[in-house]
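My questions all concern the structure below.
All chains are identified by letter, namely A, B and C, in their written order; residue positions are counted from 1 within each chain.
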């Protein structure tokens, strides 16, 4: 067990090393950083002073180790565009993204698993077929088209829900939440549904496939032969055996949600990290791009680590495989 | 005039006073948030618009763009400069008194090399306090338009700035956020309640404002939320989440107009849109031909003749534009109907001119274009591409955000570019000194005409109005003959409003909340 | 299946009896999807022949014809079947050309991912050891980061790193690269799995013993056997790649706005969402959805057909 986790940890560190190298190289790839910091008419002395201050003339290895050092302290410098510390910006915007991802994850997991089980068990009912074809349509609709459609229908046409932004924000310490006010829930509904649809269909299909696999296995046949009720078979035996893949799904799901939050946040002007990232890419605001990259990688590494450990707990067979 | 204004203001104040139990909250949006609340570090419209609600200037303009006293009550020119009498009894939001010391401090700060306003006031050589409420600005030669140049020069409190270590606009090397980026202490009608950049900024009415009761505005609270995407911005107005959109896209105006409870306001703007052609360099950077076709006035004329300004107006601009052939709108000193009349489209003649100039098969060139600055900027450029294709000139379009587009012009790294020019001083000198003088910092066309250079210098110090006007006219006529630019049109501004609010629209596109009334 | 017969079967009969074809002919959804997908793909690829106008030729565009409604709506003109956009381009032609670009980008990206993934996967499976470990770790690492994010990033860096003049010219290749590079781990995984199975089979062992070069064994014997599962991934990958291109372009990160692709067309359409010019918004979106949906249907059916366990 310990060696397994150690191995995974080492792998995670490797990932972070690669990602930090990539984001470090961003600074040097994308133009002269000094040019991006000062105005058009900064003097030569000013430029030299900044070069010196930032140590841009040091050997590349020194610069990299300094970057990693700062990274460990979560310091990424000032945004080129708005001249504020990037770690502050990310910390401010993180709650919005995490809350959106959380609500979307709940929606997609809840409906995805339920519908997946249903369509897995009742393979040939017409309801299953309808659900399946609809889900395929869900995979085929780009997230931004869904978002635009929902805004048009529910915000502009019916005027039921707000079209964009995050309102009803209340500060709980440093965490600004929109989940404890009605206004906040009204504004999160459309983006959360938009974000969850694609993942929902993926989960539905994975769970269905998994259910179908399990239902064919010998021990289910055996359970049938023993005369257990269908209900017991479905829920006590089949479902439990789909647990391992479901854990993977949750991991993948959260990863996918974070990734697509970039698109959803852009469509709904949701003030999270994804919107900030896209704006940073547009303005070639390298400190934000680099920090976001490191932050997302860290998030994924943590998720994967948790998933791996859960695997280990749930499915003893992995212990043999190492 | 003053009395009348006061009277109307008090009448409105009275009528509004009774049902004013509920707060009047104005929620509004526009494309881009202010970059900073530091009043001297960015000379950029959204930043000025935001800061102008909190900070004030010595001299301001009303919605008709007439100069009005703000923190200065009066001013007069002397032989070596200008003297400003300051308003008394004004307090900053933190309670500090406003005095001459703050003016001197703020001007010094705005002249600092890290300030974005140093160009505007570079004619001031020294500034001194005669007493607590009188300031004298000595200028280098007579500067007849100094007050015009001060309308976005905000006044800060010296004590507050010193206490918070923000005595200079920006310290690049410090690599940290300065206090003034997210905090503000002005004398204006609204105080800053909270600010989350790119998210939400909340302002509240300043009950101790000197102008309380003198203006019709009855807004208690302003909530500003930037929405970058145009369609989303309109959706917010259509669904009733905001009361005011500063910059709705032109194609959506009909829809806004047709929606119950919403209305559209338009006004001709002091901003002209044009293409610049670099005629100053020997070889174009992005062309397939050797040499520089733009050096030939016939080619420049052909580039002008190819553009169908009426089609752009009708199809791209939804009718909201005034086709032109000069970079100065009506309302600015120097605009004349003769020079303003647009060139008639004539692709045949354009082709002939190109052939005459030695380019019978045309040439290729890249057009640099912003995609988030002017009304339908990218679409105008796209339309131009097909119009130039008609005369055999292959234009490759590169449309990018303004933050990357403008440096290309300033560094003179573009052959052919779109630019829009507003004239905050309402005087042609502003256009000549930046765009047409051979030393002009935005003259990326490389235009260089000795007489125009001469006139540019002369009108900076000429005080005889008639003589000045005739020199300006002479220069414009010369420019029209040389055609260094391809003027397209003067913009028309459009605002989308809920019918519960009334805000006077002005040609400078500035939001003046002190005049905003909610019903 | 009833053919232990004396007579040799004709090609057609054998073709019909193939399990995949049989499954295809008995699945109406798959048939419709295949027809729709191939009609759309062919129409797009042959856009220069079919389309009445060429939206890439600015000289053919007249601004005065801009914003005309579809031909069956009052005010529409018969030469513009689906109306015109804000620039005066024929919507029908523009969608065909845009679809063509989107499909080509999608195909190229999938091919890139497939070639890269299958090559690395087969090598990993065949050679094993450290090579295997390194390649598969790399794939694992990349799989942890979702494709679209990586694509935005690769694309952003690619654009920023290119010299200014070349940015638009190479934008399409950058997009292909960005999407293709995010695709390969899936292919690698499947190819490696199939390779491991094949490598232990007798014919490969035999080939090894008689001393055939590894390269030949891999390319001639092993790769063809990985084709079936790869085909499934490639089909679904194509749908995803088309969506990725659209998403990138919609975010303003992909194809330059002057070049119609389904993504840039939808982006423009979004600007006209409230303008009353519904055809500019609706048709490109519908084209994208129908295209992706039919490709997905095809992929879905392929997966079921090729995975007999699930039938």
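Everything below uses one rule, namely that contacts are C-beta pairs under 8 Å (C-beta built on N, C-alpha and C of every residue); 3 or more make two chains touch, one makes a residue touch a chain.
As the structure is a computational prediction, the values presented were derived from the model and not from experiment.
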Seminar exercise, completed: Nearest to the mean of all protein Cα atoms is the Cα centre of chain A
Problem set entry | Chain pair with more C-beta contacts, A-C versus B-C | A-C
Problem set entry | Geometric centre distance via CA averages, chain B-chain A, whole Å | 41
Exercise. Taking each chain's centre as its mean C-alpha position, how far apart are chain B and chain C in Å?
Worked result: 47
Problem set entry | Centroid spacing, where centroids are CA-atom means, of chain A and chain C in whole angstrom | 24
For this session: Among the residues of chain A, pick out those that touch two or more other chains and give their numbers.
Result: 148, 152, 156, 266, 282, 284
Problem set entry | Residue list for chain B, restricted to those that touch at least two other chains | 229, 231, 235, 238
Exercise. Residues of chain C that touch two or more other chains: which are they?
Worked result: 270, 273-274
Seminar exercise, completed: chain B residues touching chain A in their complex are 35-36, 113-114, 116, 170, 172-173, 175-178, 181-182, 196-200, 225, 227-229, 231-232, 235-236, 238-241, 401, 403-404, 407, 410-411
Exercise. Can you name the residues of chain B that touch chain C in the complex?
Worked result: 229-231, 234-235, 238, 249, 251-252, 254-256, 285-286, 308, 311-312, 314-316, 366, 371, 378-379, 382-383, 385-390, 395-399, 413
Seminar exercise, completed: So, in the complex, the side of chain A touching chain B is made of residues 37-40, 42-43, 46, 49-50, 53-54, 77-78, 81-85, 88, 92-93, 148, 151-152, 155-156, 159, 162-166, 169, 266-269, 271, 275-276, 279, 282-284
Exercise. Hey, which residues of chain C end up touching chain B in the complex?
Worked result: 57-59, 61-64, 66-67, 86-88, 164-165, 167-168, 256-258, 270-277
Problem set entry | Touching residues on chain A, where the partner in the complex is chain C | 11, 14-15, 18, 26, 29-31, 133, 136-137, 139-145, 148, 152, 156, 209, 212-213, 216, 255-256, 258-260, 262-263, 266, 277-278, 281-282, 284, 289, 293, 296-297, 300-301, 303-304
